[in-house]
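Structures are listed in the sections that come next.
Each of the next two complexes has chain A plus one other chain: chain B in the first, chain C in the second.
And now, the complex of A and B:
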């Protein structure tokens, strides 16, 4: 152990020396042009072939994608009619509504009923209040467009995920194929998904919907596999002894038994769908995401904040309802009598929907929240931000400049000054030390892939921004996590804040940051830190809380002070968990970093973003894969370190 | 002992886990334990042969890892044996097709599990009716039948509860009711009472005997508790390292253990619990007897009467007096002298 400490310290010094003192020629810093492989060109060509001429028998891929799109489009249209459009006659301005969409009252009552069904009336009232907020603040229409997408994406994502999960459980080869695909899909940045979808399905809500479904499905697949595996073997034996056919065993025994676990996956699908539906506004999803995007582009402060708050409201409703559903214990409320007596809530919602629909013709306020009563906070937010910017410009600017000059620029110089071969060698060495030759090989291969894409410099900028954000997130997150674990009140407050932060789609983080610090690396860094903070806090708190109480008692008996218990017992025992938190923080930071391309960073994310703007599949995918490669390198190295730390603690 | 027709038999059943289990058994070979271990295989069941009579309570007893659970799963074919024959009413189950196995399990086998294996999303009644539902019986009929068995295990009034609302003992009653719903001839119980508290376990054993007196199933009962085995069993098979060491009545096991391993097990068993009057009866007539007792009665059950009487008891088997027992002989068993 000891000589290695020296070696690592030496390598760090060499790196510092190389980067700061020696100014090496560019040929040393970046991989030579000669080793670049035109991946992007190949991918673009492959995609062109796929869309233009590829065919399975008489069916071209184009037909296939169209068919697929129709498959998703039909239910989407139905939901959209229900929530947004209603049934209309005629086109454009002269369109007259024959049957209106569900009134805001009906949808709100449905939210209350769902909350009551899932937990209690308080949850119902919370959901109802937030829905009313959407109506009062004039966000209703956009919110319903977003909700319509989610209402389609979630069931399809869940069904697809469960089906794939069952297949993977049933046939090991399916899992062998799926597992690396799922790994890649969780690390590849969201924007990179959008490019091929854009090319295959065009611009519009259906393409956005498909991107959402594909993006939200992987966790459901994983959860399904785990949940099916967790069904006790005795229950499987029982199913056999009861004479179940394989189909009956799955349908009547395994899936119902696995439902509590599956619901956790459903909740994840809901939240990921919301996140992606917002981002997919880039390829035409419409709704709240489009509002945010438009506001960001026009620097429309008030509009951005309003739409952002609406997304937050919707996210909180969906998250709380989803969580309550997943924790819901089936209550033994067997009701007798007619259908409406047995389903009082459904009946209530149906009655309200019909009544408000009919009465809405006479009293329009029941159908749509009247425009005159809408409260707009746009001027308020705009004034507030203007006020802050006017009064505190110097301070804000000082902070920004200090961070840029003291932190961002030196770190950036350091990373850009490292010779690429040296960095690869160090990574491979770390891989070898942590996980043997296989890991070293993997890390080296991924590193060489990035070198071969010709995106090395952009990758280094990504690493610098991501690395710095992660360090800051850990510096803030660790103490917060420790505080949350040690103090119950603080734990509750921090837990609530962190849970809310976690439900917000990544887009929302950009809004306040841009308003205060304008575009650039510093804004990007703050947004990334905010977004990536959650796992740092959560895992640290969880790691500290799960230290066995008898170890702490042993410390107390030995006469440790509280600080000593923390330093000598709790923190060392929590190291594996904290490392996992670090791992998650890095992954989140990378995914957010790509989105900060919107506020003008110049890294791999920007490359993906501009590829999206020009529908350049090859460029988008290759830069996306480069981000994924960075994520996988970090994930495997830290995962191996966490594994070693855990193994060491178990032996002890 | 009454001779019973054989209901279930297994012949030379093997279950070997590892990379090439067939290779070890190739050509009818009988590999030793060392051989199996040396080749990195695990011999979960080794050359087990048993015959279980109709209406018999047959207990398979062994410590954890002895292979008893694997053996019962081989008998029900939940685990596919590596080699051997399993004959249920003369039909070799290992040759049965998947569809035939489903048919047999639906109508002629029931099983009770150690951790109950109840379906958490179904009520008591739905759990009990589940095997019938799988067969495709309509709701009315299956619920009527389920109510009957729920009544049999004394859970009436609990039909619409969910398993989590019941105590462990009640949950196992549901498990028992469920396994009996299809009226199987053959009833497997895999350590059914091991997860219960000692007091409840005792109560459930009584309950089990009561149900068996009423239904007279053929029972294969797994346990690791020797006291439970001798309380319930007509015959006991003792297993060690996957092999059947001895098959005998509780009395024979205690009085004539096949080897040191069985002897160690039985050493601490109170003799009065297993020894029958027939075993200690002294042949010949006495002038005055206090009464007549059956030869199959265990000493524990009748000790009170014999010790308090002022004369020996006559012992009869199949209507004929075979000898007599004196209070002194009973006391000598009670205080643990070897018979």
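And now, the complex of A and C:
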């Protein structure tokens, strides 16, 4: 242990010396041109082949994917008729409505009934209140468009995830193939595979739906694998003894037992689907995401915030209902009598839907919330930002300049001044120490891949921006997480803020941040920190809360003060969970790259974005893969470190 | 729910004669929508006109640059606003495939140039002449760029040769690229509220030059030779020693459109609108808060004589 501490300190000193003192020639800093491999060209060619001429027998791949898109489109159209369009005659501007879509009253009553069904009337009222928010703030129509696509994306993502998870659980080779694919699905910025998706699945809502599913499904697969593994072997033995076939064992025994764990995955699918709302709206999903973008392009900050909060409201409704449903499954209630007596809530919703639909012709307020009654907070937000801008700009500017000069620029210089071979060697060494030769080999291979793409300099800028943001996010997130775990009231407040930050599109706060801090790395860093903070807080709080109470009592008995208990017992026990949080923080920071490109950073995210702008599929994919390589290196190193920490705890 | 359309009623009064030609196909013609107001207006006007002619029209949200693959495959049919100033490369690449065709200019001219709010002139009286810029570099400087002035350029992908222009004209400025136009105009709004000096890339037709009082910097006039031949222009040793070109805003669509809906292709080709008309409509939406539908209805009612000739 001790000699290694010396070696790491020495390496850090060498790195500092190399980066700061000796300004090395560019030939040392960046990989030589000669080792660059034209990945971009190959990928473009491969994509062209895939989209234009690849075929399985007589059927081209494109026909297959288009067929699949049609399959997905059908249920989406049904939901959309129900929630958005109604049944109309004629097209476009001349369309006249024959049967209107479900009225806002009906949908809100349905939300209340679902809440009541799933848990109690309070949950129902919460869901109803949030739906009413959508109507009152004039977000209804867009929210229903978004809801329609979420209503398709989430079940498909969950079902697909569970199916893949079961396959991976049953056949180890599936897991081996799937694991790297899942990593890529989660870490390649969506923009990188946007164009191939559009070509394969056509333009419009379906492509947006599929992009959403690709992004949101991986956690479901992982959670399913973990949940199935966690089913106690006694239960499996019992199922075998009872004579279950493998299919019955899965359906009737394993999945029901795993449901509480599976719901964690469902929660993630919902949250991630709503994260994609903005990007999905760029490729045809419309809805709230399109409203956020359009508002901010007009610098209508209040409009952006209202539409953004509507996304958060939808997320809260769906998440809480989903959680409650999973807990409900156990207690089925039995009622006697007619169908409507046995299903009072369904009957109520149907009656309300029909009544408001019919009466809506006479009293339009029942069908659509009247424009005149809409509330808006737009002037408030505009005035608030204006006030801050006029009163505090100089102070904010001083803060920004301090951060730039004391922190951002030196760190940037450091990373750009490190010779690439040295950095690779240090990473490989860390991999070897933490996880043996295999990990060292993986890290080295991924590093060499980045070197061979010729994007080394951009990768270093990415590492600098994300690395610094992650450090700051952890510095803020750890204390917040500790506070949330120790104090229940603080925990609730922090939980609500963190949930909002996770679902509010970052674009909403990016524009006010730019107004106060100008375009550039500092604004980008604020946006990344705000988004990446979420797992830092959540995992820290979770880790502290799951420390066994006996251990804490033991501490109390030994006469530890509260501070000592925290320092000597709770925090060390929570280290593996906190490291997992760090891991997620890094992944989220990297996933924000494309957004930071929108405020003018010059990193891999910008490369992905520029590639999209020049319709260069290969270049976009290569930059996306480079981002994924960075993410996987960080993920594996930290995962190995967390594993070692856990092993140490178990020994002690 | 739907707005009231005086147009449709007018068409009924005139009689079925409004549908001048039978549509060749009732399949929907898909027009792409992007995320800036001018484009929404242009596209909605085109859609309204095509519907008047009896065509079935569908509006599809699509990314400005990602849409080309859709136009090439026939998934999408018409893109109404492609600015030569920002999409030239992607447009040329797409037209070269032969799967898309140009339906000619829209009549609008995209203008983009360095721009400043009028109040800056009090501190820098030599403006709008570009030669005054160097005297005012300190005024536009921020701590990162000082002593150089800070010029907020468009997103990197917009090109624009600003770095070359600065070098060729010997300007004491540094280009800071905004990542999106939303970020760029957020900075303008912020500076305008504080009446702080700012120098940035503005383009028209757009709501910014309508909402904010300001002027374009006057560079030596653009010519093709100025960009290609060093000897032309004020600096005999460098290219790009002049202002930016104005560019047509083009209509581009799927190559098969003309075969399937010849009448529609003719109407799309005929579509013309001026910068002033568009500027006024964009102002109504983005500054006065009218809805796009209402503005389009207003235009359709006021310009019936114009659009009926497109669909004859």
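What we mean here is this: the second predicted complex is superposed on the first by the 534 of 652 C-alpha atoms of A that agree within 3 Å, B and C clash if a C-alpha of one lies under 4 Å from a C-alpha of the other, contacts with A are read in each partner's own complex, and residues count from 1 in each chain.
Simple rule for what comes next: contacts are C-beta pairs under 8 Å (C-beta built on N, C-alpha and C of every residue); 3 or more make two chains touch, one makes a residue touch a chain.
Given the structure is predicted, the values throughout are model-derived calculations rather than measurements.
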Checklist line | Partner chain(s) touched by A:389 [first = chain B, second = chain C, both, neither] | finding: second
Margin query: Output check: A:256 vs chain B and chain C. Expected answer is one of first, second, both, neither. What do you get?
Written below: first
Next item on the list: State whether A:241 touches chain B only (first), chain C only (second), both chains, or neither.
Entry: first
Note to self: Let me test your reading of the model: by the given contact rule, A:232 touches which partner, first (chain B), second (chain C), both or neither?
What the structure shows: first
Check: Does chain B (first) or chain C (second) touch A:284, or do both, or does neither?
Finding: second
Next item on the list: Check whether A:437 is in contact with chain B, with chain C, with both or with neither, and answer first, second, both or neither.
Entry: neither
Notebook entry, point to check: So, A:351: does it touch chain B (first), chain C (second), both, or neither?
Noted result: neither
Next item on the list: For A:198, select first, second, both or neither according to whether it touches chain B, chain C, the two together, or no partner.
Entry: second
Notebook entry, point to check: Given the superposition on chain A, which partner contacts more residues in chain A: chain B or chain C?
Noted result: C
Item checked: Footprint of chain C on chain A - complex, ascending -> 91-97, 100, 194-195, 198-199, 202-204, 281-286, 290, 293-294, 296-299, 367-368, 386, 389-390, 393, 401, 404-405, 507, 510-512, 514-516, 518-520, 523, 596-602, 606, 609-610, 612-615
Next item on the list: Quick one: which bits of chain A touch chain B in the complex? Just the residue numbers, please.
Entry: 232, 234-235, 237-238, 240-245, 248, 252-253, 256-257, 259, 330, 332, 334
Check: If you look only at chain C, which of its residues touch chain A in the complex?
Finding: 1-2, 5, 7-8, 28, 30, 32, 35-37, 47-48, 51, 56-63, 65-70, 73, 75-76, 89-90, 93-94, 142-144, 152, 155-157, 176-187, 189-190, 193-194, 196, 207, 286
Check: Once bound in the complex, which stretches of chain B touch chain A?
Finding: 73, 76, 78, 102-103, 105-107, 109-111, 113-117, 119-123, 130-131, 133-135, 160-162, 165, 179, 188
